[in-house]
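Labels run A, B, C and D following the written order; every chain starts at residue 1.
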Amino acid sequence: MTRTELNEIKEAELAARKRTTIRCCMAAGCTSQGSGELLKNLEAAVSEAGAEDEIEVRGVGCMRLCCQGPLAQADPGGPLYEKLEPSDAKAIIESILSGEAAKLQTGDPKHPFFAKQLSVVLGNSGEIDPERIESYIAADGYQALRHALREMRPEEVVQEIMDSGLRGRGGGGYPTGLKWQTVSKARGDKKYIVCNADEGDPGAFMDRTVLESDPHAILEGMTLAAYAVGADQGYIYVRAEYPLAIERLQKAIKQAKKAGLLGAQIMESPFNFSIDLRIGAGAFVCGEETALMASIEGRRGVPRPRPPFPAESGLWGCPTLINNVESFANIAPIVRNGSQWFAGIGTEKSKGTKVFALAGKISNTGIVEVPMGTPLRTIVEEMGGGAPDGGTVKAVQTGGPSGGCIPADHLDTPVEYESLSALGSIMGSGGMIVMDETTNMVDVARFFMEFCRDESCGKCIPCRTGTVQMHHLLTKIIDGKATARDLALLEELCDMVKHTSLCGLGMTAPNPVLSTLRFFRGEYEELLQPDPYANGRPTAVPTS
Amino acid sequence: MPLIHQPRSRKIDHVIEHASGDKRFKILEVFMKRHQFRADALIEVLHKAQELFGYLEDDLLIFVSHHLKLPPSRVYGVATFYHFFTLKPKGEHTCVVCLGTACYVKGANKVQAAIEEATGVTAGETTPDNKVSLLTARCIGACGVAPAVTYDGQVAAKQTPEDALAKIKQWTGHDAD
Amino acid sequence: MERLKLATIWFGGCSGCHMSFLDVDEFLVDLIDKIDIVYSPIVDTKEYPEEVDLCLIEGAVCHEEHVEMAHHIRQRTKLVCSFGDCAVTSNVCGMRNALGKPEVPLEYAYVTLADTNKGIPDDPVIVPNLLEQAIPLHQVIPVDHYLPGCPPPAERIKALILHLLGLGDPLTGDQLKFG
Amino acid sequence: MSVRTLTIDDQPVSVEEGASVLDAAKAAGITIPTLCHMDGVYDTGACRLCLVEVEGIPKLLPACSTIAADGWVVRTQTERLQKYRRMTLELLFAERNHVCSACVANGHCELQTMAYSQGMDHVRYDYCYPKWGMDLSHPLFGMDHNRCILCARCVRTCWHIEGAGTKNLAGRGAGAHIITDMNEDWGDSATCTWCGKCVQSCPTGALFQIGATAGEMTREPARLADIITARRKKEWNV
């Protein structure tokens, strides 16, 4: 693939555009509600009407408002159809051909849910056909790679990422450029790039959205990273629970290989890079980078102590760069538009945008991408429409089992790494679960503890048995069998597990308990039984 | 009790013999060859094996360990670490209730309870007639349409206990209770 | 100086700790002006007295009467000591817990292994109901001191009593050894 | 070989580059408690007993698997560390069925010794009392899962000293357990060489020689280190 060829594909693709394009969401949320059949029916209706030259039906990635799915929209300027039935296909085509509005539920594109979004990562999501590389190329895909390979030295690419201020989107917020620099400077003939697509936080589906909607963006981001740090082999570690993402990634890799965008001498440069998929097998702990590497090596997904960090000693002992899906998805836009453009978005310490998955007791569930610094309230109340059925938002859970519950009166907090961790939660990968007044916070804490208990790898003692005991204590509290002494024991254990566990899973396992204790302590105390021995000597002897 | 124990090769011989009459073993061998019989392909190979056989029986694991030149304990250790792998046969149909946070706060546990009551099995088990296996998932990423249940690989959105029971009934061909 | 009112009792245990207690021999005689044994299987008192200073409780809490008695003792005693591994950890008594319900070992003992009169005794007046699990004492009442050992050697018992009399250091190191 | 100089519990100590904090402490005559560490096999940092504080580093670090660095100020016995160690031991005792009085390793058990040396005189958590079995199928050795602390010393010994790969961990979380081959009876194992090194490596009464009764099971894990050191350094001319 040469520069000219890349532009030829782009122009051919644009030239082939028809007067009208119907975009039909084919991401997991809508397909689970029947959008696959809808797409087929749309295609059938087009050919039935003999309008093949007029109308293109395009299966696209996530159109974001999952709760109103299946979604479809006709370009240019057509309404956003919601809650479509496969049988609605005909009406849509007829409406396009006749110019008269169809009697279908439509959404308001000016609603804050859409209007307040800013797309960097999801720019192509819901727009391009994720299963066709041409569609990606037509949207300026692989231009960043072309530019980097021709005009930039590897260290300039690293510098660009450093200047952009991008921080890891997987949870911790470590500066991405710094990580790249460490790997690029690490000694070793063989280096690896790993994309962590083991999005395991329950309630998070941002990475899934990106993978299903724009797989080539990940490949391009990884290839840029490989060029920057001097790696020639990459792995995408993706969960087995995401079959559609796997399928699209497989297709994308095949297409990129065929187009000479992966493999040997990419774009006729001396640079070689291959990407292999590794399918996870249902272990949350494999989201932890050392466990993930063990799993890629075909072993039990058990973490090991760091240091040494993967940047120095990773896969098979070689320097390895691990970033998550959303981080990689930011790379091509940064290289394409320049670090200054990216650094202009967001806040001083948190640059760019962040994708959130809105779920739980919220009216508009789905995917949003907002600039860093957007207040939680804007996301939850304006965009998300607050709790459904007249309920009130009680708390927002971010960061999955490693995060915490932020109470409603802190919703004015801006979305930033530092501000969220000051509240005892974390940015995490971007899952945002809204709880209303019917949600019991102790129950939520136990839910997460059960999760961590079941997902603990069993290697280190604090996590393996500490989560068992914490879960047991929470159950005792919920069952009304606990006293203040048990609560004290729980708090002490939270502190111990947090500080002594080997990996992030254990270290953050107590967070949901700690944060609910911080903001909703009353809910715990209400469940406690009086302790007859509270002061050492009994106040009244209990009879058994 | 024999003081000289059975050499490892004898067990392998038995498995190879068993495998020779089954085409699926051949397919698996080709798959492993494509990975150059590399030890780090173990998880990919187990995925393939489960796809072919439905579950990972002992002979299958020994077959894999032999070809990838890994001790059986390593293969077994890996197969039991990951929840996706199952060492017991699954039922004709599989129903996976997502218990991710979003599904949980929207009542997935009630859907699970309804199915458990109707089928008489708890999560992780298969009905005695081998019709339905009930499983739970940690989050299938369909949070936007919670609560979600996967029926034979197809994700179904916004499930109520009634929806789930209707599906089970379809499978079992009679009232689930 | 008033003498230390000492009580001892055994719950679910083998009385081995009490045997070890007897092994302190003339130590008790030496301390006769400091200690008064007010209640114990080795003295004749029938009723647990009020205002006891120290009670050594041997054995795990295995049945309902133990629970009742533990609370009773706690109310009337300044310092309670878990005396020996069964009281501290549930030890051998707790080995039944892993088998499931208490009926499992009962069935084995009174039916499977019985030659005559097979049947689990079920009159609560004669045999109190077993708890679901045999548990350590501190899960029922607050405990002030722990004296592990199966049994705790006489020296260790001496050391604890001396410590509580203000005549010695608290137990440390292998004086706290289980088993 | 360059040298690293650091301070451990106010005591200056110099070690060769690449030495662990645990090695450095040993050189200074300071004992840091360990359970999963065993000389001769690689460290996993799993038991968390050897966690130490290093000035300027917010995280606690496992002494066994942390390389000592120049200028470090290490503390091994702070009140906080001691508390965490006691809690770790409490968690271990509550996890499975450790009944010292009826154990083959009573009096020779590293877990038991660790408990009293750290001042853990009772367990505040509810005991789990799980149902784990025993494997008595092997003519020479037995395995009692009730007493296993999952330190994986036997696994590392079996793989890296004996080289048989018979033992491994299976399952995960609280359900993790030691297996022989494909979770088969040890006596049926086609890979076990009957060398007994795993039994020598076990810190508790989980692995034992058949016939040993309460308190009779003694062992010398140091012999295993001798074997591997001699092999690595080619000390034995054969």
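Please note the rule applied: a residue touches a chain if its C-beta (ideal position, glycine included) is under 8 Å from a C-beta of that chain, and two chains touch if they have at least 3 such contacts.
On a predicted model such as this, the values are computed, not experimentally measured, just so you know.
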item	value
Of A-C and C-D, pair with higher C-beta contact tally	C-D
For chain C paired with chain D, centre-to-centre distance based on mean C-alpha positions, whole Å	33
Separation of chain A from chain C, taking each centre as the mean of its C-alpha atoms, in whole Å	57
Length of the line joining the C-alpha centres of chain B and chain C, rounded to whole Å	50
Inter-chain centre distance, chain A versus chain B - centres from mean C-alpha coordinates, in Å	26
Touching two or more other chains - residues of chain D	124, 126, 169, 171-172
Of all residues in chain A, the ones touching two or more other chains	283, 300, 454-455, 457
Per-residue multi-chain contacts in chain C, two or more chains	none
Pairs of chains satisfying the touch condition	A-B, A-C, A-D, B-D, C-D
Partner chain D, residues of chain A touching it in the complex	283, 300, 304-305, 307, 453-462, 464-469, 472, 489, 492-493, 496, 499-502
Chain D to chain C touching residues, read off their complex	93, 97, 99-103, 106-107, 109, 112-113, 115-117, 119-124, 126-127, 129-132, 146, 215
Contacting residues of chain A [partner chain C, same complex]	533, 536-538, 541-544
Parts of chain D lying in touch with chain A, wherever the complex brings them together	44-48, 51, 60-62, 65-67, 83-84, 87-88, 91-92, 94-95, 124-126, 128, 149-150, 169, 171-176
Chain B to chain A touching residues, read off their complex	38-44, 46-47, 74, 77-78, 81-85, 99-106, 137-146, 148, 153-158
